[in-house]
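Each chain gets a letter, A, B, C and D, in the order it is written, and its residues are counted from 1.
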Amino acid sequence: MLEKLNNLDSRWMYLALVIVLVIPIIKPIGMSISVNKDLTQRMYDFIENLPPDSLIMFDIASSSSSDTEITPMIYAVMEHMAKKGHKLLVAGQWESGLAYWSPKIDERAKEYGWKYGVDYVNIGFKAGGTATWRAIGQDFWKGAVGVDINGTPFEELPLMARIKKIDPETIDLIVIYESGSPGMETWITYFPTVPLVKGSVAAEISSSVRYIPTGQLKGLIPGMRGAAEYEKLVGRPGIATQLMDAQSMSHILVILLIALGNVAYFGAKKKSAEAR
Amino acid sequence: MTPELQTWIGVIATLGIFSFLIKENPFYRFFEYTVIGLSAAHTVVMTWDNYTKPFWNNGIMKGEYYLLIPGAIAILYYFRYAPAKYQWLYRYPLALIMGYDIGYSLAYDPRPFMVQIRGTFEGLKDLNSFIYLAIFFGVVVYFIFTFGNKSKGVEKTRNIARYAMMMYFGVAFGNTVQGRFSLLLGRLLFLLGDWLGLVKLG
Amino acid sequence: MSLLLAAAAETTKVPRWGIFVDVDGAVSGFITAIILMAITWYFVTAARAGRPMPQIRKLAGLDAIDEAIGRATEMGRPVFLANRTAGVGSVHSFALWGYMGYIAKLCAQYDTPFVNIAGDYLAAAVNEEVIKQSYLEAGRPEAFRPDTVRYVPGDQWAWTSATSGMLKRELPAATMWIGYFYAESMTLAEVGAQIGAIQIAATTNTAQLPFFIASCDYTLIGEEEYAASAYLSKEPMLTGTLVAEDVGKIIVAAIVVLGVIAELVSPEANFVSKMLQF
Amino acid sequence: MKRTVPVIITTVTATIVFLSIVLFKTDAAGWPGQFDRMRQFMAAVMMFMGMANMTRVHGSAIRKRDRNWMFSVWLLVIMFAYAIFGMAVGNKNATYRWIYDAFIPPINSTMYAMVAFYLTSASYKAFRAKTLDAALMMACAVWVMLSNVPVGDMLWSSESWLGGMAGVRDWIVSVPNSAVSRGIAVGTFLGGFATQLRVFLGIERRHLGQG
């Protein structure tokens, strides 16, 4: 029995994993979660304490494969902004990611009744890497070639009238949604005075937390768990909250499997020692 | 060419790839070979569009004739598949490219390294900084290959460094789990939501 | 806020020196490069002159290569060596060729099929040259088959799907993952474990090491990857470069000790820190 | 001529590039920028090498009628057709994009998602406390996993002593872990540098083959 367990076929584990993931997706249990005070709460507080009508910039530096982590973060932050009446400027360092999330942002904006050009603007992807961003920082209109994602000139977008530069007076906060490079280094290196917060995929958390104590990051949403926390803070449970149970269950499954593996291993070892 | 057809291809491809978990099978193999073929072609097309064509149109045709020299040398690389007598010609472009890359990294690599070394001793303040330093030294000693291999002290240090490294790997493993499951959840949502319509999210 | 301002000041206050580039550590990096070259040159010359070189510490992962190939020979199954990302000028290719030459030679001697999966189209051509040379050294150039080196486009998941497929179809008895890997490490190592291959991995990407350690029999951590060329060939000149590396590490340790002392005396006037920033 | 000249070319080119980067400001117009352009152009000229290799590998499979030779035929057909089509119409073409979007992203995301399965089976087999090494790795992994999900808070709340499970996790991440990663980075840099010097100095010339 124990020997059998010792060499358990992986396919049983795969089946178990599918089951523990699918059931909570279809029927969530709703386990309560606590909010991370050092990361998520800080970011929430920062946005909460901005004066109304502040301008927040989204920088999308992620690809669509991080969909399940990034989308709930974007939605939760937008919900928060809608409650506080902030303005939104969407930009991206990754072309594919920006193309992927732009329609989703438009959809949400419609729900909040935001008017394009007045309440939010999407400037689209600007090629050329950090050099372009430095140029945009000095002269936004010229550096960004003066047109938005659809090719509409900035003159026709009233919101753009207040955006001439990237500096703390113009942009009150940059929110970067990042899953890799190029990412927040652009802002930390070239625009260290503009407040920056980050929505981070899980794999990037451990390399990002060191920027929190130095103040280079004002807060951070750590992975899907963080997105669920943010949803809790803004009071609109969404995808992340719904999937958090599946996350919990899968983590517990892995931990149980580790325990089971050890039981099988030591059991089999003891048995073979007795047999000898 | 409808979006629905795209979704259907996506669903079949997703199931085909997942079937590999049960067993290697022709269904998987079909998608494997398809993706390799498409991806090899895509690599060529992207290089053609982003490098070869612009270099030709905006460089050489605009008078940057010196580019023809590296271009001509680069063509020698195809002698790799020529008869054995001429194969050695391909080593010239190879040597050139390797030279460029080596020179580039010899110049750039030390810079971030300076920042890393500075980071080890700047801002010492509490007990943690000294734990940090001790572990750092341990790990550096661990990677010394040729000195002190007979010393008991070095061996002990290496063991401690090894334990610290194992802790690091454990933490890295544990932290990655969340992200990987998020990806799988994304795929399951595609199947259960976009395709079957069993789940409504958001 | 003061912390933030301090950080901001630090990034703009960069020393400039003549025509040198104004980047943190540009000059000290240049000097470091020159010093390391000098040390390496010194030890290589010493080795060439026949001065004895110290023994390299035991690396279980490299000793296991012989055992792995031996088992593949007994079972009559192939040996796989794969890398996805390394281009021809990449340091991982240089390291990989050290492994490749050794493994291909053993495989040729034992008449064991050897397969290399490359993810870079230029590197694939060079890999072929390295392997052919090893077959020739083993005296069996005719054993080289046209499908020994397989280029699979380096697109992360296309490459991984092809490699996992090959693993399950050809059931190698030994697999070696050498070089820089990303998230595909888990898939490769676990599929390899499922087919029961002896697996040896070497990577410098610390984020992927846990997965190799979890599923491979032997894992070479970080820098150990680069030591293989000297370790396997036992050539004194290559060992000399390793000695130079170790001297470099001792210098680094000394600089850190100096830096700590300077920091404890006066964090504001830390000359070591200033020197490195230069 | 066949081996010595390439070694000299490598060393001389490396020296020139090294000095040009160290001595001149790096911008597109300067020497480093020009060298970079030449390097890119060379790689662009060599772009068909991959297809050449694949044609040979799969061509030999077809000729020998390997078990999967039909798949190899399919691969070569689709590769050449798609490449020729793409080069003719450009990668922004709607049909080209449609084919790409239909196949590649779903297959890529699925392959990526499968890592979760492999992670599960690997943790079952690998995390056994056979040695102290393995036990430490397992303990840390389990600790971090627990503190990343709500269950961890239930066990040891982050409100309490030491910041709970998450607090301990954060200490491990910021102190021992970053020390280890920095230590490994120092070694990796020195090792990589020495490896490059081996080629630079012409000691390592395996890539040049025989003759």
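Methods note: contacts are C-beta pairs under 8 Å (C-beta built on N, C-alpha and C of every residue); 3 or more make two chains touch, one makes a residue touch a chain.
Predicted model, so just to flag it, every value in this text is computed and none were measured.
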(message) Can you identify which chains form the pair with the largest number of contacting C-beta pairs?
(response) B-D
(request) Work out the mean Cα position per chain and let me know which chain is farthest from subunit B. (result) A
(request) Indicate the whole-number Å distance between the mean C-alpha point of subunit A and the mean C-alpha point of subunit B. (result) 22
(request) Quick one: report the Å distance separating subunit B from subunit D, using the average Cα coordinate of each chain. (result) 1
(message) Rounded to a whole Å, what is the gap between the Cα centroids of subunit A and subunit C?
(response) 33
(request) For subunit A, jot down the residues that touch at least 2 other chains. (result) 10, 14, 17, 65, 202-203, 206, 223, 225, 247, 250-251, 254
(message) Where in subunit D do residues touch two or more of the other chains?
(response) 18, 21-22, 43, 46-47, 49-50, 54, 56, 68, 104-105, 107-109, 111-112, 114-117, 119, 121, 123, 125, 127, 137-138, 141-142, 145, 148-149, 173-174, 177-178, 180-181, 184-187, 191-193, 196-197, 199, 207-209
(message) Two-or-more-chain contact residues of subunit B, please, as numbers and ranges.
(response) 17, 20-21, 29, 31, 35-36, 38-40, 42-43, 77, 80, 94, 97-98, 100-102, 104-110, 113, 117, 120, 133, 136-137, 140, 143, 165, 168-173, 175-178, 180-181, 183-184, 186
(request) Using the touch definition up top, name the residues of subunit C that touch subunit B in the complex. (result) 23-26, 28-30, 32-33, 53-57, 87-91, 121-122, 125-126, 128-129, 152-155, 157-158, 161-162, 164-165, 168-169, 183, 186, 206-207, 209-211, 213-214, 221-224, 227, 239, 242-243, 245-246, 249-250, 252-253, 255-256, 259-260, 262-264, 267, 270, 272-273, 276-277
(request) Using the touch definition up top, name the residues of subunit D that touch subunit B in the complex. (result) 2-3, 5-7, 9-18, 20-22, 35, 37-52, 54, 56, 68, 71-72, 74-83, 86-87, 90-91, 95-96, 98-117, 119, 123, 132-134, 136-145, 148-149, 169, 171-187, 189, 191-193, 196-197, 199-200, 207-209, 211
(message) Quick check on the complex: what are the subunit A residues that touch subunit B?
(response) 11, 14, 17-18, 21-22, 25-26, 65-69, 75, 201-203, 205-206, 223-225, 238-239, 242-243, 246-247, 250-251, 254
(request) Write out the stretch or stretches of subunit D touching subunit A in their complex. (result) 105, 108-109, 112, 116-117, 119-121, 123-125, 127-130, 138, 141-142, 145-146, 148-151, 153, 157-159, 166, 170, 173-174, 177-178
(message) Considering only the defined contacts, which subunit B positions touch subunit D in the complex?
(response) 1, 5-6, 9-11, 13-14, 17-18, 20-21, 29-31, 33-49, 51-52, 55, 59, 67, 70-71, 73-75, 77-78, 80-81, 88, 91-110, 113, 116-117, 119-120, 128, 131-140, 142-143, 161-178, 180-181, 183-184, 186-187, 190
